[in-house]
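Each chain gets a letter, A, B, C, D, E, F, G, H, I, J, K and L, in the order it is written, and its residues are counted from 1.
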């Protein structure tokens, strides 16, 4: 493994069903424009409430990817 | 949207099955006495262990709701 | 309940399926060598990405157990 | 000054005009139901954007008040 | 143990004599209106100085209690 | 509201006059290249001093916007 | 620019009118005894309440200045 | 003093009487199996409540000790 | 109360007997050269261990005092 | 100096030799596509271990640059 | 890569020469008793001063290693 | 060792060459006016960039020294 430089982008995934689904939606969306995604770290978990229920989970994460030379 | 004031309450939901269920139980309980719940943010995730297994997930969250004028 | 002393160990559980599974794997592994596990607290949630998808969830937690006299 | 006990409530004030106004609206609303308000501390400053402009400032604060005996 | 929901309240206890006394005063005051208090966690320790001496210890804590169904 | 993914960008707005002006300049600049800006959160407030006076306020904030599908 | 060493002092400015005024008062007071003030960073925003209103804003900041050789 | 390597262990001491007693119990228990304990740092102070009173103080600390070569 | 500016100094008090004593020693020492001490806030609690026992408590605190005009 | 707006990007530089080299590699890579880089702040220092040795230092930093009008 | 569980240990490496050397000494010492070390993260950098100079750098880090099944 | 009181000062050392050099410059400068310097802790690592390169490392640290009686 050579000496790479990585960049982090911060995203918020949302989901009506749960935390993993929100994470996976954010990653899937990021993967449309970014190759070489390598890892993520969750920085915040929030949600939107409607009618006394969880309407959306909102998971903020940082995703890291390798910058090509 | 007028200029509202919101209040935050801090709750701990517990569940034998998982994190989302613990969150939803906390919100459901809060909704019994509070209308106008608008959002939540998770501040801590813990759990109780018994017999080397997760007996309860314990999720601490802050829930925000609009104060009526 | 007498005046116990507890010790905390920090573990990272990994799972291809989700956060609770990663937690439960870490606890199951800790239970092989530690009796008297009493609680855990999540300190970090990360994951490994491959091919633009979540390959593994990685959940860091501290697990507390009672030290026997 | 006797040995009082104080309680903290967490509020979010909103304002179209600025941070101080958001704080003062939260305090004014709290003062409708709470006497003996003594101090506040800001814990978060956010805002809502519409049309590429700040639509509302949202200032989260904790306000402390003396509990009567 | 069923799947309870807990609420956290944030209090500041004060004492001329010390930290534990400030904590115990805050808990005693909370117990006047709240049953089912289960635990506390200290979030801040401050104090008031007069004449170059500690006049009051001020201990901020969160106290958790079970919400009845 | 469908299940969107949002991105956060971190900016520093500067102003000779004050904090709100620094925030609004950062948002105005972001709006030149980003549509769908939805919210911001302040992460740091600093300033530059010259001649014993505040020459510029520097407010760091994260701004979130919806990624189009 | 040579290789300087800077010192940070922590101050609390207070103002009846607002946050910027509290900051500017703290800087003005520091400038009476310190030359070469270069920057500040806000570390806390609190306030004193009287009669259900903001009596004083209290802004804690660190101010940095170059130590002369 | 040669160039040592130290290890940190995280412990929770409990006591019915107070914070220092909880700390000293944790250290005494650690000293049964660890020589060369050199310092500790408190990371959390909590407690267990029963009948509206403090039943146990729970102090979490990290204790450092020198690893022998 | 006029619009004062306060300064914070950071001190570490040590004591063989306990936390309050360490705090009071730090304040007593600060009072030798500083008038108008108004408050303190604890930022860290550590200690030195010798022979498997607490040799000294070390409490770090910030003390605030009013700057005279 | 006019009233600029700056943007922060978060990068991870890696190096087999040390921390400064990891920082400088991240900055060098950022400079390929960004002009007007003005400052950086380190937010995390990690590393990869192989065969019981440090294989790579990994330094996460935020780099700020001026946005042109 | 199967679904491993990792453990973190917290160490303090010391060195008269610098930060990387302190890290590498801590890792080398850990490697005497732990196989499968995979990564580290720095949590604190301190040092001991004697005669107005740095006598030792002290770097606290967490090192993670895979638990064998 | 008697029961000393220590004071902390916060400094920023700068260096064109690296982090240790910046720390040592800050300590050397502090030692001109302060005897009895005992330890330091790094609180921030930043740097100034010019021409796409690191022009100066800036390391913020707190240095502790014993107050004489």
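One rule holds for everything that comes next: a contact is a pair of C-beta atoms (placed from the backbone, for glycine too) under 8 Å apart; a residue touches a chain by one contact, two chains touch by 3 or more.
This is a predicted model, so every value here is computed, not measured.
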So which chains count as neighbours of both subunit B and subunit E?
D
Which neighbours do subunit F and subunit L have in common?
G, J
Trace the shortest sequence of touching chains from subunit A to subunit H and report its length in steps.
2
Residue numbers at the subunit F-subunit G interface: does the shared fraction exceed half, giving same, or fall under half, giving different?
different
Given the pairs H-I, F-G or H-K, which one repeats the contacts seen at B-E for over half of the pairs?
H-K
CA centroid of subunit D to CA centroid of subunit G, Å
22
In whole angstrom, how far does the Cα centroid of subunit C sit from the Cα centroid of subunit J?
32
Just curious, how far off is subunit I from subunit A if you go by their C-alpha centres, in Å?
44
Quick one: which residues in subunit F touch 2 or more of the other chains?
10, 19, 30
Every pair of chains that touch: which are they?
A-B, A-C, A-F, A-J, B-C, B-D, B-E, C-H, C-K, D-E, D-F, D-G, E-H, E-I, F-G, F-J, G-I, G-L, H-I, H-K, I-L, J-K, J-L, K-L
Applying the document's contact rule, which stretches of subunit G touch subunit I when the two form their complex?
9-16, 25-26, 29-30, 55-56, 60
Using the touch rule from the top, collect the residues of subunit G that touch subunit D in their complex.
18-19, 44-49, 52-54, 57
Would you tell me which residues of subunit L are touching subunit I in their complex?
1, 3-8, 10, 62, 64, 67
In their complex, what parts of subunit J are in touch with subunit L?
19-20, 23-24, 27-28, 30-31, 35, 37-42, 63
